[in-house]
Structures are given as structure tokens and as C-alpha cells.
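Please find one structure pasted underneath; my questions will follow.
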Amino acid sequence: MAEPQPMLALDGVSAAYGGFQALFGVSLTVAPGEAIGVVGPNGAGKTTLMRVISGLIPPRQGRIAFEGQQVGGWPAHRIVAGGIAHVPENRRLFPALSVADNLRMGAFVPAARGRYAERLAWVYELFPRLKERQHQLAGTLSGGEQQMCAIGRALMSGPRLLLMDEPSAGLAPVVVEQVFALVRRIRAEGFTVLIVEQNVRQMLELVDRAYLLDVGRIRMSGTAAELRANPDIQRAYLGM
Amino acid sequence: MDIFLLEAIVNGILLGGVLALLALGLNLIFGVIDVVWIAYAELVMIGMYAIYWLHVFYGWPLLAACAVAILGVALAGVLVHRLIIAPILDTAPINQLLATGGLLFFLQSLATLLFGTNFRNIGLKLPIIEIGDMFLSYARLMAFVVAVLGAILLWLFLSRTFTGTAIRAIAQDRQIMGLMGVEPKRVYLIVSALGGGLAGLAACLLVLQYDVHPYIGLSFGPITFMICVLGGLGNLLGGFVAAFIMAQIISVGGFFFSIEMSYVLAFVFFIVLMFVKPQGLFSK
Amino acid sequence: MSDRGRFLPLGAAALALALVPLFGPPSYVMHMAVQILLWSFIYTAWSIMGRFGLVSLGHGAFLGIGMYVPALLWNLYGVTPWLGIPLGVLLAVLSALVIGWPCFRLKVVGHYFALVTLALTEVARLSIIAARDITGGSLGMTPKPVPGGHSWWALQFVDKAYFFWIGLGLWLFGLWAWRAVDRSMRNPALEAIAEDETAAAAIGIGVTRLKLEVTLISAALTALGGAAMGQYLQYLNPETHAGIGISLQIVFAAIAGGMYAMLGPTVGAVLTLVLTEALRIAFGTTLIGAANTIYGVLLILFIIFMPRGIVGLIEERLRARGAKA
């Protein structure tokens, strides 16, 4: 039986920041409906990986296919219109815009504008807290609320694949719990998710499969259970 | 209160409307693209000449001439961005200011070349309105009303549309605009067109009140920059309020002293305030 | 090469230049030469601060003050320019202090600095116009001529050679001032400030004080140049000598020549004056504005394609060749 066509497929992707090469021939796949995690130490190239997929950095080499279409080298605005939304590291909300305006920015792509009202109602339903705070400036939200807003903003474009870069970074442990609950909700809504996290233990409870990225190369991959059982992973990331 | 002083105050409010419109355009460009178009007032001058030319030479109806002027200056704004600003967007910001300074020379001399140094006016005689013992110019009143309407329209555009929201967002985080599906280059062009269009609208309002000549830009260009800095460069609301403050100083100052002295007062006020609040009147 | 060795050819060149008027060149050539020398001095004066990222549009004010103070004192009270010029320079320095000190203390830089100094220029221009009873307003004014037209007391000379020598002296003085700033400890510190003000302050550089020093030097020299220009032209006009137009003209010439090199502003003066003259001759007076239209376009092109100016470009080429050899 032929494998189902992956939603996202990276094949031998290299990328550099200025003169510094951060990714070396990375290959990975994400099937529709899957949740995939990428773990790795600081500086492993995780954020670069996300940025290459969403078009913020062009790949130097290799191919990136999304739903069968080659999207490598497309500018970011085309990729988000194509169906990939990226929740960036540190959330990157527009602090001086209201929550509602931040969500409106998420629906900027032409295809999303027509369904703006409908999706806004849905995001408010998912995150009632955002509705309460819709007129508040995003910069005044708490960390957890900001993460909600960032995810909501990404959902407003109607993506089929959601990239999440360190959603729990910089948040208090209690809030981290809430954020992982949010991610679970997103999964339950049927979104395909590619998530990068420092918080390996919690992430491995959440995803179907995961990749280990180290110094720009994929070192290991497998189901969440396999990685959890791996002695190296246990020693390095799970503190066992 | 002295009726003439009251008249000066009311005239100051009316003048403030047009200055506010100019400040809005300049601030929009600064806030989004982070450049100062030092030739902004010269774009207004082109608009004034366009109206004069179409209306007086070709006998177009004034409204049609105004509409063409607004569109024409909007297009000029796009060209300024494409030809002058875009190639040097990544160099020191002061280069962009100076390059548009070259444009200032160019437009002044072009106007001299095409129209000579004569003062021209469209020969429209608008009535004077008498309220009690006060005399107010109908042209000024109309300019004020249109300027305020223009500002309201701009506000609606910025707050209610996707593009408007992107314009407000872009200065807060340029790098991630792509993730929102926004192409900054396109936003810059839209803003340049908008800034040009506002200059064109200001031209329509000014041509009703003043003669046009190649150096007219110098008479309200500098004051517009001061207004923008006073309100905080890029701060639309700040610039709007600062325009009315400066207009009041000019109008009331002109009542007590000469018109030049009133401008001197306005600039001195500006310099002094810069030392108290260097980031603009409304900075925290 | 030692400084002495470097200055020997310059000294010889200056001496040779000083002899030029003795051969009785045509009046037009002398006129151009005087203008080039005086403007070179003024552009050099601007660049003394401009090269450290302090782009001032306030030099129209310093120029205008330097011009009008001696002329007004002469016309109103018969005070000799020998006293009037220092007073004008002093007033220019004071206005530079008033605007510069708060600006630098409050870290007003970039656009803001350019626009604040532009306000100063406008104050100068409009004040001159407002005082039209004594300055003639926008129509301009003429210092009262002395009988015969030649007087050291009034600093008025019919023979352009005198102004040539004055101009030459000022120009050399300007270059010397540039060198003096370079040689003092100021230059590296100022370059550090231009690079990163906060970091410079962190390593103990007195940012405010240093910026103020070059600003005051620059303003004083500009006012001095303005005074000489006024005495030479015998005609002063607020629109051409004190407004935003002249401020931009100074900046442009300095940039076109290359404000980072000692002789850059001089090259800028030669270039802009020769260009203006050539365009004026080419188009005559039939097409008023044609010359400046082209001038405006050239300025835009210069800033887009040669932001370091002609001398900067030449230096770059030489370095490239040196690296290859």
C-alpha cells in the first residue's frame, strides 16, 4: 500500500542566517492530521527550521513541498495565503494594537477576509478570554493570554498547517500547563501541527511523532513513545 | 473679549484644519516607512498648479480639477517611493530625507520652468461670512470642514479595514508582517499613495485661499515638519492636535505682531518644547 | 607619510594659488574662484560636524547670522566689520549652543536633529524678514558702500584679488580646523559616538560635550564664511542666505564631494558651482529653472548611488587597487 501523501515534506533543506549556516540537509514529513514535535537543545536550528518553512528565510538548498506544491523560496506572505500559519517565538503580537485588531491582522490574506466574522466568532468561542479582552491593547495581556491571542491570530488565516515555535517559552509553570491545554484544543479541532518546544516531556505527551534536531541536523526520529523510551533522550531532556 | 482677537482665534482653528491634514499625510509616511519627505509641501504645490492649470487654462470644472489633482499627487507619491525612497530604504535614514531634499529643488525649479515665478490664482471669489462683527472667509471655513472630513475618513480607513490595520501594525513589528500575509513593499506603496493623496487634498483647500508660486512650499513646509515632530513623528493623533496648537500661535501671534513674527514665535515655541519633551508633546 | 611631508605639497599649492591674482585673470574667473574658496570653507565647516552623523539643517541660520550681524552694525551704527564679524560669530555660536546643548543632552538624533535644526534656520530667516525696517525683508539689503569702494576699515574692496586672498586664507584655515579635530582625541571618540552613542557613553566618552564642541566649531566657521560672503557679494537676502534652501545646498555639496574626506567638501564646492554655471550658460536665462531642475535630479542620483561622495568613491577605488596590488 502506498503511503498517503504527506501534507508537508522537507527534503534535504539547508538554510543560513547571514553567514552562519543553521540547517544542514534537514528532511522531515508531516501527514495530514498529525501533530509533530521537534526537540533539540538551544541553537539547534529549531527556530530557523520554522522560519524556513514559513518563508521568513529562503532555503539555500533542498525542497519544501506543501500539499504536493513546491513552496521553497516563496515569500512569507504567499506561504500564509497558501495555508501555513506560524505562531512565532515570543508570540510577537502587535503590542499597541487591540486584541481584536491583532486578530484582524491574522485574517489579512485575501481568502481569509471573506470569512473574517465567522472565524472571529469561532476564535472567541475557543478562547472566551480573548473576547472579554478584545478592546484591550495586546501589550497589556498576561503571558498566557498573549499566547492565546497569538494562536488565535494564526487561526484567523484559516490554516491547514499550524507551526508553533516555543509556545511555552518565558511563561510561568502554571501558565505553561494552560498553554499545553490550548495546544491540545487546537489538535482536537483537527489541525495539523508542527511544534518546536524546549519543554520536551510535556510535548512528547502531546505529539504523534517527533524529530530530534541537533546543530542543524536531524539526529533521531520516531513516535512519541519511542522517543520517550530512548535512553539518550531520557538522559538529555527528560532528566531521568 | 476683543472681537478681532476672537476672529484671530477662530481663523486659527480654521487654519489648523489644513495644517492637520498635511501633518496627517507626513506622519503616516513617517510612521509606516520611517522616512521624512522633506519635499512634502512641494507635492502640495504640484497639486495646486495642476488645479490652476486644468481649471484656468483648460476650463475644467473646479471639482474635476481637484479630483484629478488628488489622484495625480497620489501617483506622484507612489513615484517618490518607487524611484527615490525604495532604492535607499536600507541606508541611513538621513539619506532618504536628503534625497527628497533633492526632489524639493527639482520640483521648485520645474515649477519655475513651466509656470515662471508669477503668483497665480484660480480667480474664484468666495463670499465672506459675517457672524456678528466677525468676518470669516468662506474658503477657510470650507477648507476646515473638508480637512476634518478627510481626517475622519482616514481614521475610518485605518481602524476599519484590513489594510488600515496593517498600516497601524507595521511599525510595531516589520519582520513578522510576512507571517500575517502582508507584503511590506505593497503597504509602503499604498501609504505613499495615501500620503500623496492627502497632499493633493490639501492642495485643493489651499488653492482656494492662496496664490500658487514655485516657492509656496517653503511657506508651510517647515511648519508642517515642526508640527509632526511636536506631535511625535509618526503619531497621527499627536500631529493632529499639534497642528491646532501651532495654528493658534500663528493666528493669534499674527494678531499681536506681524505674520513673520508669529511664525518665529511658533518655531521658538517648538524649539523650547523639544527641550522639555524631545519625543513630542504626547510622549510618556 | 609624516604630516609634515603631507603638508609640504599642500603648502606649495597654496602659495602657487596665492600668486594667481597677480597675473590678472579675467574678472569672471576671479569671481568663480572667490566663490569656490568661500563655499569650500563653508562646506568644510558643515562637514566638520556632518561627518560624525550630525546632519544639521541649521547652518542656514549660522550663515545668515554671520552675514547680517556685521552688515547691520555697519549700516546702522557704522561699526567696522572687524568688530561686527566677531560679534556675528559669537551670536551664531550662542544659537548653536542654545539648540545643540539640549539636543545632545536629550539624545535628539537623526531625523529629529535635522528637523529641530531646521526650525532654527526658519527662525533666522523669518526674523530677518520680520525686521524688514532694518534688513529690507525679502528684498535683501546692501552694506553701505564706502566712497571709492576700497577700504580695509569697511572690509570692502573693488579688486577681487583681496577677497581671493581672504577666501584662500579661510579655506586653509578650514582645512586646518578639520585636521585639528582629527588630531585631537576628539575624532576617534566622535566616530565611536556616530557608530553607537550608548556604547560610546558606556566606555566613558563625554558624548554631549564632544558633540557640542564640534557643533560650536562648525557654527563659528560657518558664520565666519557667511560674513566673508556678505562682504564679498555686498548683497544679503534672507531667502537665499538663511532658509531651508541654503541649508540643503550646504548639505548637498558636502555629500556630493564626500563629507568624510578633508578635501571632499572642497570638491563638492567646485563641482556644484561649476555645474550650476555650466547649466546656467547652457540654458541661458531663457529657460529659468532648467539648470536647477537638472541640479535637483543630479542631487537625488548622487545620494542614491554615491552616498559617500566623489572623494569617497575615489578613495574606495584607490583602496581596491591597493588591495589588488
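Each chain carries a letter (A, B and C) given by its place in the written order, and its residues are counted from 1.
In this text, a residue touches a chain if its C-beta (ideal position, glycine included) is under 8 Å from a C-beta of that chain, and two chains touch if they have at least 3 such contacts.
Owing to the predicted nature of the structure, the values given are computational and were not obtained by experimental measurement.
Kindly work out which chain lies most centrally, taking the average of its C-alpha atoms as its position.
B
Please identify which chain has its centre, taken as the mean of its CA atoms, farthest from the centre of chain A.
Most distant chain from chain A: C.
CA centre of chain B versus CA centre of chain C: separation in Å?
Chain B and chain C have C-alpha centres separated by 31 Å.
In whole angstrom, how far does the Cα centroid of chain A sit from the Cα centroid of chain C?
57
Could you grab the centroid distance between chain A and chain B? Build each centroid from C-alpha atoms only and quote it in angstrom.
Chain A and chain B have C-alpha centres separated by 44 Å.
Would you pull the chain B residues touching chain C in the complex into a rising list?
30, 36, 38, 84, 87-88, 91-95, 97-99, 101-114, 116-117, 214-215, 218, 221-223, 225-226, 228-229, 233, 257-258, 260-261, 263-264, 267-268, 270-271, 274-275, 278
Quick check: in the complex, which residue numbers of chain B touch chain A?
162, 165-166, 168-169, 172-173, 175-183
Residues of chain C touching chain B in their complex?
53, 55, 98-99, 102-103, 106-108, 110-112, 114-116, 118-120, 122-123, 126-127, 129-130, 239, 243-245, 248, 251-252, 255, 287-293, 295-300, 302-304, 307
Going by the contact rule at the top, pick out the chain A residues touching chain B in the complex.
Contact set of chain A toward chain B: 54-56, 75-77, 80-81, 85-86, 88, 92, 94-97, 101, 104-109, 112-113, 153, 157.
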